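Below are two complexes that have chain A in common, paired first with chain B and then with chain C.
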Partner chain A sequence: MNAAMTMKLLRCFSFSAVVLLAACAWAQDAEPDTAAALPLDTIPPAPVTGLSARDYVDNSDAGDKIELTWVLSPDDGGGAEDVVSYQLWRSGGAEAEWDSLGTAAAGETRYRDEAAEPGVDYYYGIAAFDGANYSERVSFGPVAGRANFFQSSRMSVLVLMLVFFGMVLVFTKLAERGADLFVRRIPGLNAIEEAVGRATEMGRPVLYVPGIGEIDNIMTIASLTILSHVAKITARYETPLIVPTARAVVMSAAEEVVKEAHAAVGKPDGYNPDNIRYLSDAQFAFAGAVNGIMLREKPAANLYMGAFWAESLLLAETGFEAGAIQVAGTAMVSQLPFFVTACDFTLMGEELYAASAYLSREPKLLGGLKGSDWMKVLSITIMTAGVVLYLLNPDNAFVAWFSSW
Partner chain B sequence: MRREIPLAITFLIGIFMLVDFFVPHHVVSSSAEEMKQWGTIVIAASILLGVGNLIRVHFHKIRRRREGWGYSITTLAIMGVMFFFGGPWGTIEEGSAFNWMFLNMQVPLQSTMFSLLAFFIASAAYRAFRLRSAEASLLLIAAIIVMLGRVPLGQLLTRSWPEAIQLPNMTEVIMAYPNMAAFRGILMGAALGVMAMGLRIILGIERSYLGGEK
Partner chain C sequence: MTFIWTTIGAILTLSIYSFLYKDNPFYKFAEHLVVGVSAGYYLVIYYFNYIHPNVFSPVFLLEIGGEPIGFGSFLWWMALIPGLLGVLLYARFFPKIAWVGRWALGIYVGGYAGLGLSPVMQARVIEQLRANALSVAGVEDPFAAMTNLALAVGIFAAMIYLLVVKRNLGAKNPLAKVGVLVVSAVIAYGGWLVLSLISSAGVVSLTNILLVIGLLGTLSYFFFSMKHKGILGGLARVGIVFLMVGFGASFGYTVMSRISLLIGRVGFLIDWVGQIRGIFGA
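Showing the complex of A and B:
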């Protein structure tokens, strides 16, 4: 075999190999077409069951929302497992035409129609869809939406609130009639007068920080009620009271509270408007400015009452280092450990709200305090009874009813 | 009348907000929403009061040469600079001088203050965990378990121990039971305190926040 013949054979072999490879590749590409040629799915999925529709009540109810619920098709998550979605329809009457409403994904058991006309009777239909076929349509109706005047899911809150308010009012009346209401000793509140006295003896000011909450925060309002009592004591002792604030409205309210307190004890001239200071809305700029006051003006007593966040420890530790006697009070549970660590006394949660009544000893306010205490007794009794009943029998009907109420 | 009008407004708005909580009708909820927006606008506008107070307090301090009056000059000067650049050239526009100063001066300063917290936590923790009493000892033990249980080292140290006393599991138990019980107790007490205080304010029994009881 000569060289030319060998080259021809090699070329022929290479060409055949390329053709063979191309044929294999074509055959591979052609495989899906072979699969597509399989017969189409003509079996519809099983329909849903238990379709129901009800007027949906939310916090802004205009009667235009109806909520549909159903039990999944047996082919959704089981059976043929081929349901891909649910098609929903709505009609304005039993004999009226169905209008498409929307779709719900497979696995969903809830759909909210948010475009219903209030007061109009609607019928709803639903069918499972497997990508090729719809199941038999299941329908429900009539149902109409209406703008409700009571949020029934909040019935339990209403009942407990009325019971609580009733207790507060009963004890307030009792207090007004002269009943002797015992209130437990709160060392943190007793310490306030002691702290102010110490500052007076040392000839140094008292620093009162009402937190960085806005005026619509109930802790800030509670703080202003305590500020009123503190300002009366400082006014009586003629001790300077510095009130740095992070909110302009709080500053304005604090000015009024301190000015009135000076007037109430007969020392209106002792009021210094420059001591009620707006520092900054920015959290850490405020903390830095208050720390500066602590280090420059050296108050002997620091009182932190109100809503505090991450700045709590920055303030309390600086006050500790400056050697001031410190009393804090907040209902911010996450900040309580910091105050407990760095302050001499801490008012925890409810003690902040009790302060005004405790300090003034006004019968009307003490009545509210006793009402809260009895509500706590009632809450603890209900919880203990629930736990005991549940432990005795987890299927207890009363516990089930009470839990869902 | 100086007391009666604010008390009447407080009563009416308080009752209306309470009604809004229980009445879902859109007429009530949209009115309540409108009212909340008014509140937001009033609070935002009140910043002028704050600025006025800031200028007055620092101006008095400078005029009377009180201790630290130099800081007051700095405060007023910086406020003036921010006003100057914020007014005509905008505040949040990218590339504006105000925005540049905010991002490169105020934000780092605030971050510095925040990061100081780590040192304050260390000093506070040192004091809190000193073995002074039975309670402090309990706190120390719980803290060691929780701190070690939250880092890989805790898992590494105790992985050969029985599962129940491995540090991550003990941490979970401490956080989920004694810690959560105390947390909820304080929270429930505070919630009742808020309700009682709210009722006292709505009914006008508590009025010292207005500047006096009478």
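Showing the complex of A and C:
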């Protein structure tokens, strides 16, 4: 073979190679068109099996959660491998219409319905979806959500309540057996006695406002205990005691308290029922009427003990203007600033309850006060431990437990 | 007609404001009017909002919210029993059977307390304890954590010292002199730390430490089983300082909202004057 022949063969081979490569490239570019030309998928995926629904139970389940589980469609992870998602439906009855509930991704075998009405029977349906077709719908039901009988996430509440009431019961029993349970004297109580004494000296009445809370309000109940103490002093000194009330039941309770106090100090005739007055249930009508009493009957001592709302400053300010000595006591945190500002002395928050326990020496009140005192010690201990342990190591086990207890 | 009602409202508003001068017949009239009207108003409100829909309608008309109920059914009994308990409250007007009223009151108070116990313990005790115990969470760096802890202890010790030791021992006592040095050192150290902590995390952490100190002091103030002397007395004094700071802030905030109410009322009076001018073409 001569050189010219060799060159010809080489050129021919090169040309054939270029043509072949170009043909391959053209074929590659043309591939999408070939695919587009394929017929649409009309074959639905195989349905799921083993659909089951049950009431979901967790720590804070109010009966509004139902959990669905199923076995994957044979075409999900196998078979045609074309399942892209699962469509879920819910209906309120076997014959009722299906409402769309949501979707689960391919490969998922669990779905939680978190919007169920507790106690309502539901039916659930599921179908696999391959992007074009739904499989046959599989259904399950009826199933209903039930609220948990015991909410285990509130275990800490139960434990602390048991501890607290345990302490209250122990101290109450001790008080009933005559143990000398120390309660420090509240300075405000001295102020009450001074105020009543001053009113007596001036020959003017004492005004006692038991708040505008209902009789079920613990502040009102504490206030009635203090009223009994005040009524005994005024009865002894024969000083008029005016008690304006905003609730009918509180008025009748106050009547009993003042009447009993007069009887207890041996001066039942000194009791004047006209001085225990119902004014109005309306907050500001009550405040207006009490202001009127302050200016017209000119009490020398104003005592505000109980539950107060926005009328607190109206009362205390008017009393201040009228020149009365004023002592207040309330556990309404939002009203304390006004009493602190406008009154001569204020029993703040729990001091109101402590005062009633101190005065009455009633075992149940003493037990409650002592119990809550030691609960505070426990709280301080827990809190200090939390702070110190957190600072030492934010990742320690106690902190982890404390964050979620 | 609207103008007449607005005028009555404006005159009553002015009558109430006249109290700022002194007690007078206009104020007395407005006061007695509002007390009398409110008594009648509340009687009607209570009847139509509570007694009629909750007792009268189910027991006698056999329907609740327009839905019929059966005579003797569970819902019927659930309306009748509380209604009867309510009637028992009036037993106190008859001294011989006054004690019966305590049953109703006992069920009412007991039920209310039982329902409230768990949420109150959760929201007012446990959540606050947790939040305060972990409130130093702004500190990630162990060194910063320890220095903050030292600062907290220092501030606490300094406050107790200033409030208790110096008062009880007198300034000339050697212990008091040592205390002055300690307090000075703590204040200087605290100042340096405050400067070094002027970053968002540091400020958060410092605020939270103050919060913890305030809470400990305030809880101590409300401890009644011991006299407020010594360390407890110092803690209680710290608590009262925090309480007063809180009350001051609350007072200012509320006065601000009351001023806005006053502005609203003055606006009403100005509108009324505008209406008068419109009528008389002034």
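Convention: the second predicted complex is superposed on the first by the 230 of 405 C-alpha atoms of A that agree within 3 Å, B and C clash if a C-alpha of one lies under 4 Å from a C-alpha of the other, contacts with A are read in each partner's own complex, and residues count from 1 in each chain.
Just so it is clear, a residue touches a chain if its C-beta (ideal position, glycine included) is under 8 Å from a C-beta of that chain, and two chains touch if they have at least 3 such contacts.
Source: prediction; values computed, not measured.
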If you stack the two complexes on chain A, which partner ends up touching A:Ala261: first (chain B), second (chain C), both, or neither? first
Which partner chains sit in contact with A:Ala105 here, chain B, chain C, both or neither? Use first/second/both/neither. neither
Partner with the higher number of touched chain A residues, chain C or chain B: B
If we overlay the two complexes on their shared chain A, which of chain B and chain C does A:Ser360 touch? Say first, second, both or neither. first
Partner chain(s) touched by A:Val57 [first = chain B, second = chain C, both, neither]: first
Of the partners chain B and chain C, which touch A:Ile43 in the superposed model: first, second, both, neither? neither
Go through the superposed model and pick first if A:Glu317 touches only chain B, second if only chain C, both, or neither. first
Answer with first, second, both or neither: which of chain B and chain C does A:Arg184 touch in the superposed model? second
Based on the superposed arrangement, let me know which partner A:Ala331 touches: chain B (first), chain C (second), both, or neither? first
Is A:Gly371 contacted by the first partner chain B, the second partner chain C, both or neither? first
Counting contacts the way the document defines them, which residues of chain A are shared by the two interfaces, the one with chain B and the one with chain C? 154, 157, 161, 164, 215-216, 249, 252, 256, 279, 281-282, 284-285, 288, 292, 296, 313, 333, 336-338, 340-341, 348-350, 354, 369, 376, 379
Which chain B residues qualify as touching chain A in the complex? 21-27, 29-30, 33, 39, 42-43, 46-51, 53-54, 56-57, 60-61, 67-68, 71, 106, 109-111, 113-114, 116-117, 120-121, 123-125, 127-128, 183, 186-190, 192-201, 205-206, 208-214
Parts of chain C lying in touch with chain A, wherever the complex brings them together: 16, 19, 22-23, 27-28, 30-31, 34-35, 37-39, 41-42, 89, 92-93, 105, 108-109, 112, 117-118, 121-122, 125-126, 129-130, 132-137, 139-140, 142, 145-146, 148-149, 212, 215-216, 219-220, 222-228, 243-244, 247-248, 250-251, 254, 258
State the interface residues of chain A toward chain C in the complex, per the touch definition above. 154, 156-157, 160-161, 164, 181-184, 186, 215-216, 249, 252, 256, 279-282, 284-286, 288-289, 291-292, 295-296, 313, 333-334, 336-338, 340-341, 348-351, 354, 369-370, 373-374, 376-377, 379-380, 382-388, 390-394, 399, 402-403, 405
Contact footprint of chain B on chain A as seen in their complex: 57-62, 147-151, 154, 157-158, 161, 164-165, 168, 172, 214-216, 218, 221-222, 224-225, 228-229, 247-249, 251-253, 256-257, 259-261, 263-264, 273-274, 276-279, 281-285, 287-288, 292, 296-297, 310, 313-314, 316-317, 331, 333, 336-338, 340-342, 348-350, 352-354, 356, 360, 362, 364-365, 368-369, 371-372, 375-376, 379
